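Next up: some structures, all given as C-alpha cells.
Two complexes, one shared chain (chain A), two partners (chain B, chain C).
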Partner chain A sequence: MNLLDIRNLSIELISENKNILAVDKVSLIMKEGEVRGLVGESGSGKSLLAQAIVGVLNDKWKVHADRFHWRGVDLLRLSIAERKALISRDIAMIFQEPMACLDPTTTIKNQLAEAIDTSSLTGFFWQKQRQRNEAAIKLLHKVGIKKHNACLNSYPHQLTDALCQRVMIAIALARRPILLIADEPTAAMENTNQGQIFRLLASLNQLKNMSILLISHDLENITHWTHKITVMYSGQFVEAGTTEQIFKNPLHPYTKALVDSSPSANIELPAKSRLMALPGTIPILQHLPIGCRLGPRCPRAQQACVQAPTITSFHDHKVSCHYPLIPTKAKRKAIKEVC
Partner chain B sequence: MTELLKVEELSKSYQQKGFWFKKKVTIALEPISFSIEAHKTLAIIGDTGSGKSTLAKLLVGAEPASSGHIYLNGKKLHDSSYKERCQHIRMIFQDSGTTLNPSLTILQLLDEPLKLNTTFNEKKRQELIRVTLQQVGLLGDHMNFYPHMFSGGQKQRISLARAIILQPQVIILDEALAALDPSLRSQMINLLLDLQQQMGLAYILISHNLGIIRHFSDEVLVLSHGKVVESGKTMEVMNKPQHKVTQRLLMNQNFQLRSRTVK
Partner chain C sequence: MLIFTLRRLSLFIFTMLVLTLLSFSLSFLFPGDSIINISGAINATPAQLIEIEKHYHTESNIFWQYITYLHNIVNGELGISMASQSDIATEVLNLLPATIELSLVALFIAMFVGIPLGFIAAIKHNKTTDNIIVSVSMLGYSIPVFWLGILAILTFSINLGWLPSAGQISLLFEIELITGIQFIDILLSDSPYKWQAFSDATAHIILPACVIAVAPATIFIRLARTSMIEVLETSYIRAANAKGLTFRQMIFRHAIRNALIQIIRHVGLQFANLVTIAMVTEVIFSWPGIGRWLIESIYQRDYTAIQSGLLVLSCFIFIVHILTDFIYAALNPLARGNKYGS
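The block that comes next holds the complex of A and B.
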C-alpha cells in the first residue's frame, strides 16, 4: 500500500490583490520503507510541500489537492484535531540548523523527556520519572550517542552541530514514526558530519523500516542514500524516478542540467573546462512565467511550452515536459551495456 | 614562471589575557609556506577549526600574523601595507547578501574602493564600474539598484565585481560557492574561469566541495588542526591521498562517485 499518495497538490499564498501559486500541481507517492529524495533549488517549494504534509502551514496558505492520502486516509477531509492526532502519531520532521531548533534555555534531558509519550510509560506515578529518564537514554543510544549522561545534562550550545542533529533525530524517533521528513538535515555541516547523519538515517531506514523523505537542494549530495528521487523546479513537478533513472537517463532538460552541472558527477570532465549551465536565474514568486516555469531558461523550449505540460510516464519514470529527452535506440543500447 | 604570491613560515597564535603565569596560547595556524603563480588556483581544504579561514584573514591583512612573511611579486608585504594589499589581494565571502551594505546603491558600493585607492575622476570611475558590471554578466544600468533587488546569484556577482574592480592579482574565495544553488554555481564557476583566463588572476579557493576543487584547482593544501598535512597537485592528491585526514575527507564524498563508476 502506498504510504503517502499526493496527486496535484497546489499551495497558494493568499495576498491582497492576487493569489500566488507557490506550488503548482505536484504529485508525490511514497511506498513503505522507501528513502525518497526531494530535490529542488531555493524557491522550488520543497519545504512548503513538507510543511503541507505535516500540516503546519498557517492561514495565509491555502492547500488543495486532488488526492491527499496518508495510508488510505484522506487528510483533507479530517478535522484539524483528528489530523493532528494522526500526523503526530505517524510522521516526524527534522529541520536544518538543529542548533536553532532546540530550546537554548533548557537541557537536552528536559527536551527529550518532553517528547516521550506519557501513555507509553507503564507503572505507578512515582516510577514514571525514572522510566522517562531511561527512555530518554535509550533514545540517545538509538541515534548512536554513547556518552548519554554528558549529553543529557548539557545545553544545545554546548554540543556540536552534528550532535544537535542527532538529538533532533532522537526527539523525532520518540513516537516511533512511520515517516521521517528530513528538511535539509545537513545544510551548513562539514563533510565528515554529513556522512555521519546520512549513515544514521540509512541505518534507521534499514533496521526499523522507517520511510524517509530527504529534502535537499543539491542532487549530488543525496544520491548515494536514496532509492527514488523527485525533482522540483520553481513550484512545479519536473521529474520522478529511481536514482539510477534520474542519473543515467534524465528525461527533463532541467534534470539533465542539474546532473551535468555537478563537477563530481562527471569524472571524465577535463579540469577547468566550462561546465554546462542554464542561463538566467530562478524566477521569484512575484514574476513567475506562465506555462512551464523553466521555459525562459530552457534550451529546448518551443511554442508549446507556454502551456503547462502534463505528466507522462516512461516505465515508471515520470516527467513533465513537452519535449523530453527520450534516448534513441542506439543510446539506449549503450546505456544498457554500461549498466 | 615567477611566483606571484609567496608565503613563508606564516603562523598565527592567539594569547588569552590573564596573569603571566596563567597565560594561555592557542595556536590557530602553525608555520606554513606555499607559493602560487598567476593563472593558477590553490585550493585549501580541511575540517572546521583547521585554520582555513585564519589563513585567509592573514593573507588579506584582516589580522596581523604572529610570524612569517608574505611576498607579492617578490616584494615583501608589511602588516601595515593595507593599500597594496587591498589593491592586489581581494576577498569574496560566503554570504554575499550580508557583505553588501543594504543602504547603498551598487554604484556607491563599487565606487568606494575606487575612491580610496585610485585618483580617477568621477566620470572615469563610473565608466569603470559599468565595464566591470558587464564583465561579471550584469548590465551597466544595474548600478542604480539596491542590493535587495538582486537574487542570491546576482549578489555574488556583485561581490565579484567589487573584488575585480581594482584589477587585483589574487582573489581569495572563502566558501564563496557554497551557498549558491547548483545551476547558479556552475554559472559562477564558468565566470571565474573566464576571468582567470582574461586577467591572469590567481585564486585561493577555500571550500569543502571536493568536486568543485577537483574541477577548479591546480594545487591543493590539506589543513588539519592548523597544520599542513598534505599538499601537491590536485590530481595526484585526489587520486592517491597519503595522509589519514585526506583519505577520510575523500571517503566521505566519494561514495556516490565510486558506486556509479563501478556499476
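The block that comes next holds the complex of A and C.
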C-alpha cells in the first residue's frame, strides 16, 4: 500500500488581482520505508509542497488536490481538526535553518518535552514530569547527542547549527512518525555536519523503517541517500524515478541539464572551462510561462510545449514532457500509458 | 547577570551626572542671580547671602561649584523654594510618592488592557475584531488628555456621580504618612476605618489613572499587535505548529513570551510619555503629586523648584527604565549572556 498518495496537488498564492499558481498539479507517491528525494532549484515549490502536506501554510495560500491519501485514508474527506490530528501523529517535519525553528526564549528541555506524546506517560503529574525528562534524554541519545544535560539546559542560540538540527530531528522523532519530511536539513551547514545529519537520517530509515522525504536543491548531494527522486521545476512536476534511472538515464531535458551541471558529471572537462548549464533563470512567480514552464529555457522546446504536457510513464519512470529523451532501444519497448 | 547589572548601574550613574550638569547649568541660564536661583534664598540679607555664597563655593571656579552642587544633592540639600521658602527636599519627598503611585497604577492599567487587546487583534489579523481594535486605539490616541480628563469628570463625577473628581483621598480619613505611598500607608495604619479609607482611595485613583492610561494603552495595543504579527510569521511558530501543538499551546507557550520581549523594551520609553501625561492629569484632578507642584512652580517662576523637580522626575523615569531592562533580560536569554564585541 502506498504511504502517501498525492495526485494533482496545486497551491495558489492569493493576491489582490489574480491568484498565482505557485505549484501546478504535482503528484507524489511514497511507499513505506523509502527515502525519496525531492529536487529542484530554489523557488521551484518544493518547500511549499512539503508545508502543504504537513498543513502549516498560512492563509495566503490555497491548496487543492484531486487525491490526498495517507495510508489509505482519504484526508480530503476528513475535517481540518481530524486531518491535523492524524498528520501531526504520523508525519514530522524538520526545516532549514534549524536555529530559527527553535523558540529562542525557551530551553531545549521544554521544547523537547512538549513534543512528547502525553498519552505515552502514566501516573501522577510529578511522575509524568520525570518520565518526560527521561524520554527527552532518550531522544537526544537517539540522535547522537551524548552530553544530554548540557544540551537540555541550553537555549538554541548557545548550540551550533548541526546540534540544533539534531534537536529538531529529536523533536520530530518524539511522536514516532512514519514519515519524516526533511526540508533542506543541511542548508548552510559545514560539510562534515552535513554528512552526520544525512547518516543519522539514513540510520533512522534503516533501523526504524521510517520513510523520509528529503528536499534539496542539490541533486548530487542527496543521491547517496535516496532510493527514489522526484524532480520539480518552477512548481511543475518534471520527472520521477529511482535514483539510478534519474542519474543514468534522465528522460526530461531539465533533469539532463541538472545532472550535467554537476561537477562530477563534468570530470573530464578541462580546467576553467564553463560547466554545462541551461540559459536563463527560473521564472519569477509574477511572470510564469504558459504550458510547460521550462519552455523558454528548454533546448528541445517546440510548438507543442505551450500546452502543459501530461505525465508519461516508462517502467515506473515518470516524466512530464512532450519530447522526452528516450534512448532508441527503450523507445521501442516503451509502453506509453497516459495517467 | 552580575556584569549586566554593573553595566546598567554605570549607565545610571553617568546619565545622572549628565542630568545634574543640565540642572546645574539651568541656574545660570535662568534670569536672575545664579546663586539665588540655585539656593532659592530670595529674601536673604547681605550677611546671609555671603554665608550662602560660601556654602556654594561661588568664589572658586565653576568645576568646584559643580562638585559642591553634586555634594549638596547627595546630602539631600536641594535648596529652598523661591515661592514658599520651604525646604524643597521635604516637599519632593512628600509629593513624589503620590506621583509614583498614580503613574505606576496607570502603567499597569495600560499594560493589562493594551497588551492583551493587541494580541487579540494580531491573532484575528485582518478580521473585524482587528479592525475595531485598531480604530478604537487610533481614536484613543488622538484625544487630548486635558479634554479627556475634563470630560471624564463631567460624566463620571458630575452627571453620574460614581467617582470623586479631585484629590487623593477624602479629607475625613486621617492617614499617617509612613512610606508616602497611600495604599501601603492605609494598610499599615491601625485606624478602625482602614478598609473604608482603602476603598475611598481606590475610588479616587480610578478616574485619573484611567485617563492617564488611555494614550499609553493605545500605543501598547499597536506595539503588541505588530510584534505578535511578526512572531506568528516566524519559523519557530511554524515548526511548533508542525510539531503538533494546538493553537492555544502555541500562543501561550511560545508566541506570547516572544512578543512580550519586544514590547517590554518600549515600556521604558513610553513611561516618560506617561509621566508627562500624568503631570497634566494631576493638575486636572488636583492630585497632590510632584507634577502639579512642578507646573505650579513654573507658573510662579520658582527656578529652584523647577531645577530640582526636573532632576527628581527624570531620575524616577530612569529608574523605571532600568527596571524594564531587567525584566527584558529576565525574559530574553539572548540579552543575558556575555556578548562579544559589545
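Keep this in mind: the second predicted complex is superposed on the first by the 327 of 339 C-alpha atoms of A that agree within 3 Å, B and C clash if a C-alpha of one lies under 4 Å from a C-alpha of the other, contacts with A are read in each partner's own complex, and residues count from 1 in each chain.
As a working rule, a contact is a pair of C-beta atoms (placed from the backbone, for glycine too) under 8 Å apart; a residue touches a chain by one contact, two chains touch by 3 or more.
As the structure is a prediction and not an experimental result, all values here were calculated from the model.
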| item | value |
| --- | --- |
| Superposed partners chain B and chain C on chain A - clash or fit | fit |
| Which of chain B and chain C A:M1 touches, first, second, both or neither | neither |
| Which superposed partner A:T192 touches (first chain B, second chain C, both, neither) | first |
| Touching partner for A:Y155 - first (chain B), second (chain C), both, neither | second |
| Partner chain in contact with A:I80 - chain B first, chain C second, else both or neither | neither |
| Which of chain B and chain C A:T281 touches, first, second, both or neither | first |
| CA minimum distance (chain B, chain C), superposed complexes, angstrom | 9 |
| Common interface residues of chain A - those touching chain B in one complex and chain C in the other | none |
| Residue ranges of chain B touching chain A (in the complex, touch as defined) | 47-48, 151-154, 181-187, 189-190, 193, 208-212, 214-216, 234-235, 248-249, 252-253, 255-257, 259-261, 263 |
| Chain C-touching residues of chain A, taken from the complex the two chains share | 51, 54, 56, 58, 84, 88-89, 92-93, 95, 97, 100-106, 110, 114-115, 155, 157-158, 168, 171-172, 175 |
| Chain C - residues contacting chain A, complex | 233-236, 238-245, 249, 253-254, 257-258, 261, 331-334, 337 |
| Of chain A, residues touching chain B in the complex | 41-42, 190-192, 194-195, 217-220, 223-224, 247, 257-258, 261-265, 267, 269, 271-272, 274-279, 281-282, 284, 338-339 |
